[in-house]
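Below is one structure; the comments refer to it alone.
Order of writing sets the chain letters: A, B, C, D, E and F. Residues in each chain are counted from 1.
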Amino acid sequence: MCLGIPGKIETIHSASEYERSGKVSFGGISKEVNLSLVPEAGVGDYVIVHVGIAISTIRKEEASKVFKLLKTLG
Amino acid sequence: MCLGIPGKIETIHSASEYERSGKVSFGGISKEVNLSLVPEAGVGDYVIVHVGIAISTIRKEEASKVFKLLKTLG
Amino acid sequence: MKYLQEYRNGDCIRTVAAELEKTSSRPWTLMEICGGQTHAIAKYGLQQLLPPGIQLVHGPGCPVCVTPQEIIDGAITIAAMPDVIFCSYGDMLRVPGSVSDLLQVKAGGGDIRIIYSPLQALHLAEQNPNKQVVFLAIGFETTATANALTLSLAKQKSLHNFSALISQFLVAPAIRSICARKDCQIQGFLAAGHVCAITGYEQYHQLAENYHIPIVITGFEPLDIIEGVLRCIRQLEGGHYRVENQYQRAVTQAGNRTAQSLLKTVFKISAQHWRGIGEIPTSGLILKEEYASFDAARRFNLPTSNRADNRGCLSGEILLGLKKPCDCPHFAQKCHPQQPLGAPMVSSEGACAAYYHYRDQVSVNGSALPNSPNR
Amino acid sequence: MKYLQEYRNGDCIRTVAAELEKTSSRPWTLMEICGGQTHAIAKYGLQQLLPPGIQLVHGPGCPVCVTPQEIIDGAITIAAMPDVIFCSYGDMLRVPGSVSDLLQVKAGGGDIRIIYSPLQALHLAEQNPNKQVVFLAIGFETTATANALTLSLAKQKSLHNFSALISQFLVAPAIRSICARKDCQIQGFLAAGHVCAITGYEQYHQLAENYHIPIVITGFEPLDIIEGVLRCIRQLEGGHYRVENQYQRAVTQAGNRTAQSLLKTVFKISAQHWRGIGEIPTSGLILKEEYASFDAARRFNLPTSNRADNRGCLSGEILLGLKKPCDCPHFAQKCHPQQPLGAPMVSSEGACAAYYHYRDQVSVNGSALPNSPNR
Amino acid sequence: MDLHCPILPTDNDTVRLGHGSGGAMTQRLLTDYIQPLFNNTWISQAHDSATLPWNTDRLVFTTDSFVVTPLFFPGGNIGELAVYGTVNDLAMAGAEPKFLSCGLILEEGLPMVTLKRVLQSMAKAAQSTGVMLVTGDTKVVERGKGDGIYINTSGVGQQISQWPIEPGRICRGDVILLSGDIGRHGIAVMASREGLEFESNLTSDCAPLNRAVAELIQAGVEIHCLRDLTRGGLATALVELAESCGKTFSLDESRIPVSEAVEGACEILGLDPLYVANEGRFVAFVPESSSKLATSILRGTVAGSLCEIIGRVGDGDHPQVALKNSLGCDRLLQRLPGEQLPRIC
Amino acid sequence: MDLHCPILPTDNDTVRLGHGSGGAMTQRLLTDYIQPLFNNTWISQAHDSATLPWNTDRLVFTTDSFVVTPLFFPGGNIGELAVYGTVNDLAMAGAEPKFLSCGLILEEGLPMVTLKRVLQSMAKAAQSTGVMLVTGDTKVVERGKGDGIYINTSGVGQQISQWPIEPGRICRGDVILLSGDIGRHGIAVMASREGLEFESNLTSDCAPLNRAVAELIQAGVEIHCLRDLTRGGLATALVELAESCGKTFSLDESRIPVSEAVEGACEILGLDPLYVANEGRFVAFVPESSSKLATSILRGTVAGSLCEIIGRVGDGDHPQVALKNSLGCDRLLQRLPGEQLPRIC
């Protein structure tokens, strides 16, 4: 129940508290996404988008941790 | 406004005053026709049917008068 | 088919035509009232059998021609509404309103059903309780009777989702109005047989008397029509002006009493606007108060229009036999069958449309009518 | 695509797999909670990279599997109504109710729209004020958040023609219920990353503690999953039972506070029936009183059903990892993907359907699994 | 004089039912939209099929889509129509029908048993006409975007007549043969539509014509032109042919067979049988010298048993069709502007 | 393991959208309903067209109906599709496309300008592929019984390859070439549908393939089989071919080109690009010995510039398609039961 895809925020605009939205790009396409639930995310940030709504902001520092682990293995 | 075609009453049935109807044949076809407005007409009679409703009973005696006239001319 | 075939017999018809030839000594102008008669005249080419001096003028008895533009506009408004099933006879779908027609509404998604009988519309209302079923109730006394029957059944069945957009015409007042004009050119009438099957023809005696004009109740088959013409010409040549009944097999002097009382139950007489002619007093039928809840114009709050449906068209004079289509400056110019300005260009029985097509035929043959404009 | 491709790198994944091989000394049974993880495992063939003793059991985190039949029946009832636009995610359309499915309703004329976001349903309600727009709000905390957002917008906009048929599940109570069974075979959990992105994972510490079971919050890419497995196995081999967060780039311990408060505004916790498993206390969400007017079950007066959706199917035991599909007497006999008797035969992520297809593949190769029934 | 309401749409901005009627609106769609774009020798043949060079041979190619409501009607169904319609178009070009394609557009929700019955009829019809259905395609459209089944069939045939059979070969003095009574298909379909509800024994004339044509050709009848009568009826077919060949046709109305049932239905609905659709009737133009042979051959076939000589190609070089009725009066036939609608006036 | 929801309808009593998906339901429609009724040598070729004897020659005949929503999408429209689709089916049989038919089913209310634009595209497409549209038909259906325009095109071509190009000629060891990146048509159409609303520069791959095929044939490449990838995508096409020839195909997933935009859209919607529709891509089966020549020729054509060797025909004689991914794991490709629906799980 969790198809969530990372995309990059390109623009942000806001009509009301729950109508904060923006264009988010996913590789070669972009889509209007509701950003109300990630108030901390700004243009340039990556967010996880589920059914047209961003649910989480990707923390860049944490994203690379797995590759550090890999170095200790490889 | 007057497309009216002569047909022969084959059957009659009646549900209410204005729902007297019956099967009327027109050459090779027959159709259900409302017969409320021709209370005098019975099975075997010819009626003039306009938009699914019989408006007049054909008087056989009168129908041949024109041919009598013709004889006087021919 | 019995009571049709025998009245289409070529020998009989030619016999009457020969008698007519013998009888008529000079030009006469007659009007056939009913569009159904006009249709038969065109279909069988009956004009070809008449002596050259005898001219048949098409009367106002074509509902396609006389239904006011405001009714068509109202029909279009209702038919385009969601949750409406709009029911009409096929021939009304092509009649232009001020900016559109019903076929265009249908193409645009309106739920329009071509029906053959008003009872079908009633049936649709019973089958579709969640829809408003609206019937376009146009035409003359014949059709009015069928509509009255339908409306009283609707009332009896308490069908609250059924209504009718009413535009009903009465023939006798229209004949009187034609006769009453000072410039009237009509010398005799072929009255509409099926209308008279309902109404009878008592009321015609006074008309014939008052205006010194023969009136022959006439049927619809070629033999009926040519006999009607013969009877009219015989009176004219003899200087008579009586009511005669050519169509005795279907019409009695008293008419259909059941139908008449039904008409009186549902409708009352009112003034009526005839497309291209204008208003004629007491020439229409509207719903009585007891039936007002079935009035679609009321139910759907149609605006009352200004009735400006003429736009410089000579149709009134043409329908009264006073002018010919080619006298009209718009004929075949701004006005043609694909884009009619006035009623007589609308239906193929309309005089302007008939002239338009005849003109085409002649120009194919390389010659042109003296009066026809250049292309 | 950034944050996807790097987690699909074959070299990295094989490195982790090799480490896993080294780490695991004996068979272990883990459960991945989320259907999205199950999908990735199947798509990438990850089972092929695991040491033979490590078994991944599919958890109950597939909404197609667990949505009760009564909800599907309710959806079918509403979707078949006139003047309703019924909105659903694509994957729900094929789920059978007791006698039909939504695709069949659509084929029968129901206005069913496949949507991608609940906000689309809201938009449809704004665009179609004369229709009732109903959204099938199924799934877990992630989807519940999106639905809560949608419902609060609907309330803010006073959209009286919008409602949702609610069937929302909570993951943690389901995990607890699995752990609490005496016959539980699961030795570690890969928790659902996107659910935890909303809820955080504070509540998992006590679970791990109480049931002595490792829980690793895990992402959805192959590298995430294999790392999640490795972290679990390391704990198991070391005799630990902690909560670990493999999916740190998207999940924090606290979760998404904005989403959590929104969920609390719209929903309250209730007991929930899981298809094939039965009722689990406090494992569902229903609308609060302030939002009750948006409840489609109430608006359309759905009957409360008897919840008898089992019909002799072993799905409960299978979803809990206690039995294998081929232990079921109906497997591949009365029950197959074209005519599923129980939830696990419904979705391709369901264990019975997976076994069914695997069986096909084997018999093509001429041999058969020891446990597979004869054709 | 045209007997039909001449009103054409007041604007041309949308497709209307009349554009598919086979009448004047269809014609204008063709001349204004299609012909300017697809101009080549073969499409300009003004026939229902194209006769194409294929090495030393002549290949005839045609297509038609079938969209009838209801799908089943007395005397046939859409499946038979789809096979016979294309077989007939090939036959009308003097070709032996060989191969058919079948493109189905199914509406979501169509009962599978209906589909099965239609396909069975197609298979039977193909077998009975000796044509092989060799390639196909099936699409499904959403509920409310179709009408049960639409079928396209395209056909490939081999010309078996020694000369082309086409409108351009119609000559002065040619006799016009009509293969049987007219209007049965249109009325049978109407009679089975909801609302009209006739009762009659009337069945559609829906039938294959290729055997009858093959017999004419084999007997050495010098056929100038053939045309099956479909939508628009006899009148429209003849007006089209008169325009294609630039000649005047004279018809004798009393020689045109119309069954009692068709006549009755047309009277009630205010329709003209000359414009009602057929699916198993054709006209043949043959020189006077062949007319007796042609008539006697046709009367020996199933499809042509009621064959009549209904008229002649006259001396005039105006493209027109004149119909003389039993009163001796003439009337020029015209294309209808759009569909023939029931009339109550 | 099948990645898609395997649920088929619980009963077969009505047509469903899945019957037109190109997947398992379409297949069953074919095997259960069509094949038992229309059994002949030509229809059993299991190809999208029939190769037919015509004197000493071989004639190729095919048909397709086109029902796309919306009618215009980035990179093309229904008119182009209708021409290219049939041209491509002919090309896939090693034929030179010669003649097309066109059957239009128009919905009442369609704007005439829309019709005109579609027809103009068809004319241009026909001209650019060298095929002639020679015969046609137009029907109009009532509003609400169509979807703007449906187009059927049927095509006749002449076989130009010296041997038949068909599934039965696929050999062990054959190399499988894919002419370009996949999934563009399906995603471009979806992106322009109301509700999904992507932004991207993505255009449909809609294109004619006949020139590329002609170049391969002229260069003497020994083509065993060709198949254009339409509904059902690459995976369905290969599963069908594997079943037709009874062989095992092994594919290398990392060699299958997918554009960034298609990838992004598929991720969001939970779709698999292997099952997304194409309209200008094909696979070619050639012997190892020809693969280098074939690849270099195709890379020089517009339609094949992104051509890749994506797999091989293996030794196994089970009809199956195995896809090896970048992790070295295998997955068997299957027909989808019905349409691929967006997934959120």
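By our rule, a residue touches a chain if its C-beta (ideal position, glycine included) is under 8 Å from a C-beta of that chain, and two chains touch if they have at least 3 such contacts.
A quick note: this is a predicted structure, and the numbers were derived from the prediction, not measured.
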For subunit B and subunit C, the contact-path distance works out to 1
Under the touch definition above, the chains in contact with both subunit A and subunit F are D
In the contact graph of chains, the distance from subunit B to subunit D in steps is 2
Across the interface between the identical copies subunit E and subunit F, with over half of residue numbers shared counting as same and under half as different, the residues used are same
With centres defined as the mean of Cα atoms, the chain at greatest distance from subunit E is chain A
Note: of the two pairs D-F and B-E, more contacts are counted for D-F
Max Cα-centre separation from subunit F goes to chain B
Expressed in whole Å, how far the mean CA point of subunit C lies from that of subunit D is 71
When centres are defined as mean Cα positions, the distance from subunit E to subunit F in whole Å is 35
Cα centroid separation, subunit B vs subunit F, in Å, comes to 63
Distance in whole angstrom between the CA centres of subunit C and subunit F is 59
Expected list for subunit B, residues touching two or more other chains, is 1-3, 5, 26-27, 50-51
Contacts with two or more other chains occur in subunit C at residues 1, 4, 35-36, 62-63, 89, 106-108, 116, 120, 139, 143
Check: subunit E positions touching at least 2 other chains come out as 14-18, 108-109, 142, 144, 260, 263-264, 267-268, 343-345
Within the complex, subunit D is touched by subunit A residues 1-6, 8, 16, 18-19, 26-27, 34, 36-39, 46, 48, 50-53, 55-56, 58-60, 62-63, 65-67, 69-70, 73-74
The residues of subunit F that touch subunit D in their complex are 1-11, 14-18, 195-196, 260, 263-264, 267-269, 272, 318, 320, 325-332, 334, 337-338, 341-345
In the complex, subunit E touches subunit B at residues 191, 197-202, 259-265, 267-268, 270, 343-345
Subunit C contacts subunit E in the complex at 1, 4, 8-10, 13-14, 35-36, 39, 42-46, 48-49, 62-64, 89-91, 93-96, 100-101, 103-104, 106-108, 113-116, 120, 139, 143, 222, 337-340, 346-349, 353-354, 356-358, 361, 364-365
Note: in the complex, subunit C contacts subunit B through residues 1-4, 6-7, 12, 15-16, 18-19, 34-36, 61-63, 89, 116-120, 138-140, 142-143, 145-146, 149, 152-153, 156, 192-195, 197-198, 220, 223-224, 227, 246, 248-252, 256, 258-259, 262
